[in-house]
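A, B, C and D label the chains in the order they appear, each numbered from 1.
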Amino acid sequence: MALNLNYVARETGQNLIRNPTLTVASVITVAIALTLAGVALLVGEGVDKLAGKFRDDVQIIIFVSPDATDEQVSAIEASLEENPEVADFSYVDRDAAFAEAQELFEDQPTMADLLRPEDVPTSFRVKPVNPDIDSVLALRSIFQRHPGVQEVTSAAEAIRAIQELSQKLSYGVYFAAAVSSVTAVLLIYNTIRTAMFARRREIEVMKLVGATNWFIRVPFIIEGMAQALLGGLLAIALLLGLNQVLFRSLARNEFFELFRQFDFANSTVVLQSIPLVLVGMVIGAIGSGFAVGRFLDV
Amino acid sequence: MALNLNYVARETGQNLIRNPTLTVASVITVAIALTLAGVALLVGEGVDKLAGKFRDDVQIIIFVSPDATDEQVSAIEASLEENPEVADFSYVDRDAAFAEAQELFEDQPTMADLLRPEDVPTSFRVKPVNPDIDSVLALRSIFQRHPGVQEVTSAAEAIRAIQELSQKLSYGVYFAAAVSSVTAVLLIYNTIRTAMFARRREIEVMKLVGATNWFIRVPFIIEGMAQALLGGLLAIALLLGLNQVLFRSLARNEFFELFRQFDFANSTVVLQSIPLVLVGMVIGAIGSGFAVGRFLDV
Amino acid sequence: MIRLENVTKVYKGDVVALRDGSFEINKGEFVFLVGPSGSGKSTLFRLMNREERPQAGRIFVAGKDIGELSSWKIPYLRRNIGSVYQDYKLLLNKSVYENVAFALEVIGRPRHVIKTQVPAILELVGLAKKQRNYPNELSGGEQQRVSIARAFVNRPLILLADEPTGNLDPATSVGIMRLLDRINRTGTTVVMATHDRSIVDTMRRRVIELDRGTIIRDQARGVYE
Amino acid sequence: MIRLENVTKVYKGDVVALRDGSFEINKGEFVFLVGPSGSGKSTLFRLMNREERPQAGRIFVAGKDIGELSSWKIPYLRRNIGSVYQDYKLLLNKSVYENVAFALEVIGRPRHVIKTQVPAILELVGLAKKQRNYPNELSGGEQQRVSIARAFVNRPLILLADEPTGNLDPATSVGIMRLLDRINRTGTTVVMATHDRSIVDTMRRRVIELDRGTIIRDQARGVYE
């Protein structure tokens, strides 16, 4: 190959500087493309965290009969402690249950007035190890038959829906990430191809002077990588800006709890972006290598 | 100008066909850019509908005293009918209220068993004309003093939060739409500039042969418009695809009520996209006109 | 037709391509521009069609000071000047026919005129068979002749030909010179830069000689040197 | 050094640029290629450096059938052949110095060699002062000389020069011909296409004449026609 580092560095630098139109166009395109992909990644992470939180919220409530004895309550507690499917549980005693009910009826004063502590059943709040629907139903049927238990409830429908949703959402996010990656690759490759088209005559001449394909390719490849690097740095800056302006302000809105998970640390954004920039550089390199190839057939 | 339609048509057609690299690159870029902007618009519409729905859900509940006379109830009804701030209202009588309460306590069987129809207060459900917090509080204080009224409630906090949120969300959407529009313009202009750069020598030669600036520009402008049109049609196809695969499937997920508003009709998508395509064509035209200008200085 | 008054053109790096040049070329004249490589012949042409502007002096073409021409009028100046460029300057994405037709389209000639005049002029320069070819499918001399055809086709007032026979064999050169002579006889002013001694010596027309930017000779019925 | 065996080259549209051409050029020979515009001279050069491939026949360069060369070996063939192109084929985004240096960089010459050889060859073709200029800042003849310098600089076995004096004045032409002659005396095989009768007639070397793709004359110590 007889490739000379000095030659490659000089050649790349000159190409970058002498064709500012092409350089600027490539850098902007790469920045936009990577920002797009970066947003998809961040949203993906938010959705993942969100789905995790939904699963964390799954709980089974074991209502204790009003006429259950203290021994029966202890027995329930003991079986809960033994059961390997139970991750955690807590006992809501009469006072706590009454306070909860009061709060629930805040807006319906008549109801709140009617309530007496004795009316409110005590209960165990159980967090299953496996928040999926089958384990939950299994746990329910076990405790349903336990003496002293009045009823076991769980938002079975909700759990099923959450499960489906979190799957759909992650498919959706994979899909969006795939689409934005393909978009990014297309945009970058497009720009490279056009830039090469603009320089096709030069490439032909180099070939005629006796340059090997690699001798011609390498500077273009390095150039592609350099442009991707610049574009990538710009993309990181854009992502940090977006994080501040969009995600964080959304996440910090009191009411919209759903977006609570979209509060990303700046370091997360940067770490998230580094592989992206690397991928961009690889695309830049391979894309340039390929695009130049079309004009090497002389 | 001595511009000949036949010449312009032929010239444009030839440019499109003889430089397939540039044509394909431009069309793809425009398609991606417009799809981006289109997604922002659709999300914007969804968010608007969502905010509208939140505002629709604002209601005031006037609980009637258990000891209110029928005349007092009729009087409340009459004042509600008179009040210009009341958009709509309905009376929840004892049976309806009891049924509602039963449903509410579905998961807490002890509570459900305890309830008797006489315990549940009847109420008026009032939809205010103006769902903002001030009007709601004004209405509340008016009816609070009405004879036969036990209490007037409204989710004041929730209303305030919704109001803030819907404002923030629409800012967010404006912001996203602005960002994606700027991105679209940048991408398209970038591509045009690069393509012009690739043809700069041709443009120079035309100038030297005595072509006026407009004679050179017009075919490039039409070419830019044609590419934007093709890219726009592709973008509409992409948006229809995205609508099917992403928005609709999200909207139809049972659990995620929030996205119910993202079920767009295909005709909406198409109608939404047409101004986008027109804007794209204008950018293509103006961008080409400008980009060619840089090389007209001979 | 063309008058230069003390024109000086200096390129960046202090290259004086024309130093205080003055001359007048009358309507219908035929002038040879000679001088060694790099003496400023092409620069002179570029000054006359306002591709370049001089640092000092004034240039009149058809009575107008072209230094004062507003930029939108430049195309109209160039339509009166047919230029054969040393490097041909063909439109690479247009066929031979389209290249020549372009010069007529630019001035708004109707299609039927183009359809008769273009093949006629291509016949004249011996390229009737190459109408559909693209410039990169032509030999050097053929490209040069396309450039000549394009410069002629709209019957300009002035013809500036920069080494129009540089890539032509002697026989074809003679043919082209006959054509130029015929064009000149119809009243077109012709200025031709050349290195071809035999052509200059045979034709015996006015010769302006340049040397490193200075006009060192302006001779009626001159020879190459 | 170069041998053609019944080579035929037909371009699309049934243009026969070379018909059944055979000849052999020995190491160290100096051959003029003459013929009217479009007769196939440049095509012959393009066949010899494998820019084009013939429809029939075989071409040997330095003993190797270049038709059988795998594509990655073509650059190595071209490094043994210095080519002066009719349209110069300079790298427009490189300065004069860089253009010439490129031919040395391609073959991996170290920097100090480049730094001494490039200025030397530019001095030889009279462009010492234009090293930093870009091709579009040069006169036609100057560009042609850059092309010549680039073709020479790596001392190739074979030099193919396509009208290397087409844009040069007689005096500079003579200088270039002296240079070619000197190069030839050091053992380099030179093939030169030209339309310049006086050069051919003065040098009296072997002349191969083409006419519409057919070799009609191959004469030792020949004249232009």
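Operating definition for what follows: contacts are C-beta pairs under 8 Å (C-beta built on N, C-alpha and C of every residue); 3 or more make two chains touch, one makes a residue touch a chain.
Since the model is a prediction, treat every value here as computed from it, not as a measurement.
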| item | value |
| --- | --- |
| Gap in Å, rounded to a whole number, between the CA centres of chain C and chain A | 67 |
| Distance between the centres, which are taken as Cα means, of chain C and chain B, whole angstrom | 62 |
| Rounded Å distance between chain A and chain D, as computed from the means of their C-alpha atoms | 62 |
| Chain C, residues touching no fewer than two other chains | none |
| Multi-partner residues of chain B (at least 2 other chains) | 19 |
| Category of the chain touch graph - line, ring, star, complete, other | ring |
| Pairwise chain contacts under the document criterion | A-B, A-D, B-C, C-D |
| Residues of chain B touching chain A in the complex | 19, 21-22, 24-25, 28-29, 32, 36, 61, 63, 66, 101, 107-111, 114, 119-121, 150-151, 153, 155, 158, 161-162, 164-165, 168, 172, 175-176, 179, 183, 186-187, 190-191, 193-195, 197-198, 242, 245-246, 249-250, 253-256, 258 |
| Chain A residues touching chain D - in the complex, by the definition given at the top | 2, 4, 6-7, 14-15, 18-19, 201-202, 205-213, 215, 298 |
| Partner chain A, residues of chain D touching it in the complex | 49, 51, 72, 75-76, 78-79, 83, 85, 89-94, 102-103, 105-108, 111, 150 |
| Chain C-facing residues of chain D, complex | 11-13, 34-38, 41-43, 86-87, 132-133, 137-142, 144-145, 162-163, 166-173, 195, 197-198, 224 |
